[in-house]
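Labels run A, B, C and D following the written order; every chain starts at residue 1.
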Amino acid sequence: MPGNSFGSVFRLTTFGESHGSAMGGIVDGVPAGVVLDLDRIQSELDRRRPGQSALTTQRKESDRVTLLSGVHEGRTTGTPIGFTVPNGDARSGDYDHLADRYRPSHADFTYDAKYGHRDHRGGGRASARETVSRVVAGAIARQMLEQLLPDAQPAVSAYVERVQDIAMPEAPTFHSPDVVDATPVRCPHPETAQRMIDRIGEVRKAGDTIGGAVAVVAKDIPAGWGEPVFDKLHADLAKALWSLPAVKGLELGSGFSGTLMRGSEHNDAFVAKEGGIGTVTNHSGGIQGGISNGEDIVLRIGFKPVATIVEEQSTVDRDGVPTRVAGRGRHDPCVLPRAVPLVEAMVLLVLADHALRQRSARL
Amino acid sequence: MPGNSFGSVFRLTTFGESHGSAMGGIVDGVPAGVVLDLDRIQSELDRRRPGQSALTTQRKESDRVTLLSGVHEGRTTGTPIGFTVPNGDARSGDYDHLADRYRPSHADFTYDAKYGHRDHRGGGRASARETVSRVVAGAIARQMLEQLLPDAQPAVSAYVERVQDIAMPEAPTFHSPDVVDATPVRCPHPETAQRMIDRIGEVRKAGDTIGGAVAVVAKDIPAGWGEPVFDKLHADLAKALWSLPAVKGLELGSGFSGTLMRGSEHNDAFVAKEGGIGTVTNHSGGIQGGISNGEDIVLRIGFKPVATIVEEQSTVDRDGVPTRVAGRGRHDPCVLPRAVPLVEAMVLLVLADHALRQRSARL
Amino acid sequence: MPGNSFGSVFRLTTFGESHGSAMGGIVDGVPAGVVLDLDRIQSELDRRRPGQSALTTQRKESDRVTLLSGVHEGRTTGTPIGFTVPNGDARSGDYDHLADRYRPSHADFTYDAKYGHRDHRGGGRASARETVSRVVAGAIARQMLEQLLPDAQPAVSAYVERVQDIAMPEAPTFHSPDVVDATPVRCPHPETAQRMIDRIGEVRKAGDTIGGAVAVVAKDIPAGWGEPVFDKLHADLAKALWSLPAVKGLELGSGFSGTLMRGSEHNDAFVAKEGGIGTVTNHSGGIQGGISNGEDIVLRIGFKPVATIVEEQSTVDRDGVPTRVAGRGRHDPCVLPRAVPLVEAMVLLVLADHALRQRSARL
Amino acid sequence: MPGNSFGSVFRLTTFGESHGSAMGGIVDGVPAGVVLDLDRIQSELDRRRPGQSALTTQRKESDRVTLLSGVHEGRTTGTPIGFTVPNGDARSGDYDHLADRYRPSHADFTYDAKYGHRDHRGGGRASARETVSRVVAGAIARQMLEQLLPDAQPAVSAYVERVQDIAMPEAPTFHSPDVVDATPVRCPHPETAQRMIDRIGEVRKAGDTIGGAVAVVAKDIPAGWGEPVFDKLHADLAKALWSLPAVKGLELGSGFSGTLMRGSEHNDAFVAKEGGIGTVTNHSGGIQGGISNGEDIVLRIGFKPVATIVEEQSTVDRDGVPTRVAGRGRHDPCVLPRAVPLVEAMVLLVLADHALRQRSARL
């Protein structure tokens, strides 16, 4: 089965290389009748776009999405939504020196091993540019979820919780996107945000890169979404998030710190809450037995420092002969701020899929 | 799409509740011609079986697997392998007191929310007993991989790296299964193992539970397995592992500690190695851009303390009325030793699937 | 993707060879809350069973189905329904003479070509015995559809319309199962039925076989089921029916005779009907643009004469050396009466799947 | 699962409405290394294009395909091939009179029933224009198959065998495309072709439409392709072909006439042939037990007369009130000649998929 589709009922299929003419995809399985606000789709893309601030790569991408089908008079028709996002400003020449050598911790070598050749220009399909299609689909998923549950008003928001060792002093909780976007680093804690910005500036000057962690919270998701065994809600979320570039770790709810507790501490006691049953604590991270329980869904994703650095590094060429390689493209010192909309998009895709799957759970 | 299948080319579909008559499944997509050693399948099941030592639940499960199809004269025929593992020793009476109340941090409430009812006897489909079918399929996957790559002799081995805060003093590496199984706690570092055993004994006496971490290493996997975008090798591994019960965290290679490094430290330099190209360090954990690079694939999985404890806990019933619940079934103080074969099985299922998928990667 | 699953939301996966210990399968995606009448499942199996009358093979198959999971207190739980049907009365010795030669128009040669070997005992996976699992799943689908649409009372009924050149004198229409089963040949037109029975008796004496046609009608199916492009309702029905053994032709509604008409004759004019909009004629066979229109869904399936005949036939062995082969197993002179429940089962599986898929068609 | 994808390993996903800005799709699963000749893809599109002769609709469609990804320096890279075919010459005004009434035997009513609304302009997703994406993907499949089997040189060719009651006097066999395309009606028997052309001319003048039958033959396909049970090669071919617009019947090999024979006549005796084992006759149509046997794969597809006629017809509006409707768009009196490339495309997609699936059949 080819690997460029995601989701089972609400499904995204994508195509596109960073240095081809366009990225794009097809969102299939969107129910008829969703009112689509194109400006909101575009504004999600703008959040992902490089060149938004001094913190990110200066590669300019206008990233204008065009919907080619599946929408009539502002509403989805039930048929697939095809879309393209043209590529521009691709300086393939920046990559010519890479044609015969493997950049450390990039996909250059593994692509060669897989396909017997590779498109060295900007990473081809392995480029982070591929994520542009995810953001388009995630923005459609978001609008569908809102209209599917007009009373609950479910929301998904991510933010930068940690840059290298500079972390927010509080546990993950829901922060509204305008609070998150108040600083270019997308950390909703202003003081921490400033320290992160300073650190990223230092690292940029050093020609180096750093990673960190993004937290994401989905609130007001109904209890009952997810499947009990292989397609546990958090298993699908895990696949979704690990399919993003540069992910090294993932935690749900209490995460690794929860593995240090005793059961008697870790268990989340049930209590009656307004509108139903809830839990006192949320070590479960909103999911129990693979199924949402109505509490906030809370995940933390660790991102490595991006592999492209200015400093020259030792490597080998296709024949295994030692050589050296230096980064000459335009890249991010810290990918975290731009990862925020990607994380949200992947969570939204999973939730949209399971929202529709839940429609078949009962007679 | 129903949620009880896993894999795309090599695919397992399972059925069974803990207190029904049998667990079982169908492994579809096994190529014709694999010599299947049934004793090896059974011995994997024995590793998963409860009651192996004083460390684990005393629930007795004989767990004898019967293959019903797909094998003729000791070899796979290319047709699906159906199998059953009868249930026995199910004391449903142990669960009668649970019919009207939700156990904290179990799937009781979420099943009700999903299906409008639940089978309260032993957790139904949410019971860890469901994993028996995964172990059968994983054992078939292991034999297929060995015969697919007779020269490489790929191997997958997991072990208990940490119990609560008692951790091995060394970084994850491949430990052969006989070393792992030398102690009942399945930690290959004898001194640490003894401390873990002591701790589990204390916790058992206290009627409580603890969690920890399992490391898994796949060695001698060829470079080139995995898909570039959604079906990255580690994305499929993440889904596989997060579909196991009680998982709270996952790390690949350098994991969260890698997110503290700078790119210049974290990058894995390429060098010529015997038999091809390799890397000096392995922060990547054997996977780059979603595709295996030939180095050891290294993952760490965090498991929470299991939810069933002896102590009485406060909760609510279906109507949200406060009540109390106490564990009366027979359960594990620490699930980690028995998680080892489950982790291996899920990794093997993913590798078997991608091994076959790779056959279509090139003309 | 392995080929032993059918359906996307309501999905059957099967296993089993005719001369193994059991056939069986897993029905995944059945919503929670369906009241399952096991006797009705068994009675569908009894309709498929060989040895029902002098018209069919005398191979005795008791065909008792056991449900292993997914049902609790008479209702589906939403989890997968595993089931087995033990094999018995398998005289493998009957097939020993076939081990080294290919029976004409059987799957012997093609299995060898595909898998590099074959299980010659009774056709292995290619045996019509494989269809037993379809009947079980179809019987579950039927009950689900009835309960999903308690007011519409949808029904699917097939019957033998033609045996060789002996055909019913009237166009396909719905005949209730008790009328169909009034004669062992399952033709609801008594006079024609008698002529068919006589013909089958003659052919049996001659050691030969004959085919014919089965008609199937699904009534009271709501308008709106089916997908516009690849998963047209009749495309999925076509795949379902062509996956049965011995199918040579399929017609929808007016079928090939409709291809002789002019558009002005063939078009079905819309009119107001009780309960909505309908058509005056039904050349469309209940499906327009791949989607049900509320009229009867009408299909005709042509079955070839089964390949096993008593007469010795010339063939070759695995090395291409000419040899001869004679049928010694116990087989049907005419498969049509036993094909009736198979045809119904496949139609029911498709309708159950699209009934659930339709739940995601609109916001 | 959404209905706009076809195939499991070699998979096409499509989007687009007739009166939107573009049609398009994504072909995923094409192995790396296929040399793609874009001119051949375009020439397949030209065969499908309306306005090729006086026999077909005068709607002008330039139908230029643009590949957006997945090809580098003339070879496939292994990543998905995205493509678009812009729409032009859409006269939406032609359809304004249809907004409130249902055209007989079109998908107008069923779309409304499914989605709760419809895009009345030119049939939306139900338009035959949707098939343009299938032709692009089929052309890629053809080139892949040729390069996968450079020695066998597999080929797929379809032709018009019958228009209304005017049929070729000979049984289906392989006719090379240049012979087929020698007349605008695409019947390789010149005398019959002329009679067909005359008949189509008469019908056009009468403002009416006619149907007929297309035969398709795939030659030099290796034995062993196809799956034994649900994904029989002919079951997948059946689904593929029945997913085309206007199909009413399908036959494999001997078809319905084979259902009149006795087994002793119908069986295809095996004999040694140059290069392996073959059959004397080919009533099986190249497929036995769902798996190709190396003989020609032979299918016949019956197409109804297209529903759009000039004459005014009685119908109802959305409220069931009687009204009348007349065709004013530009349409084909006989769809058969243009169906030829569509039939080939669908057969090619199935063969490409099973060619790759066969790679996992054996260890």
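As a convention for this text, contacts are C-beta pairs under 8 Å (C-beta built on N, C-alpha and C of every residue); 3 or more make two chains touch, one makes a residue touch a chain.
Please read all numbers here as calculations on a predicted model, not as lab measurements.
Student: Touching both chain B and chain D, which chains are there?
Tutor: A, C
Student: Farthest chain from chain C, going by the mean of C-alpha atoms per chain?
Tutor: A
Student: Which pair wins on C-beta contacts, A-C or B-C?
Tutor: Answer by contact count: B-C.
Student: List the centre-to-centre spacing of chain C and chain D in whole Å, with centres computed as mean CA coordinates.
Tutor: So the centroids are 26 Å from each other.
Student: Counting only Cα atoms for the centres, state how far chain B is from chain C in Å.
Tutor: Comparing mean C-alpha positions, chain C is 39 Å from chain B.
Student: Would you kindly tell me how far, in whole Å, the mean C-alpha position of chain C lies from that of chain A?
Tutor: The computed centroid separation for chain A versus chain C comes out at 46 Å.
Student: What residues in chain C touch two or more of the other chains?
Tutor: Residues 1-5, 8-9, 14, 29, 32-33, 78-79, 114-116, 125, 228, 361-362.
Student: Within the complex, which stretch of chain D touches chain B?
Tutor: Within the complex, chain D contacts chain B at residues 1, 9, 29, 31-34, 76, 78-79, 144, 147-148, 228, 356, 359-363.
Student: Residues of chain B touching chain A in their complex?
Tutor: 1-6, 8-9, 14, 102, 104-107, 109-111, 113-116, 125-126, 130, 162, 164-165, 203, 208-213, 222-232, 234-243, 245, 247-256, 258-264, 266-272, 276-277, 279, 283-284, 287-294, 302-309, 311, 313-316, 320-322, 357-358, 361-362
Student: Residue numbers of chain D touching chain A in their complex, please.
Tutor: Listed in rising order, the residues of chain D that touch chain A are 1-5, 8-11, 13-17, 20-26, 28-29, 32-33, 66, 68-70, 72, 75, 77-82, 84, 114-119, 124-125.
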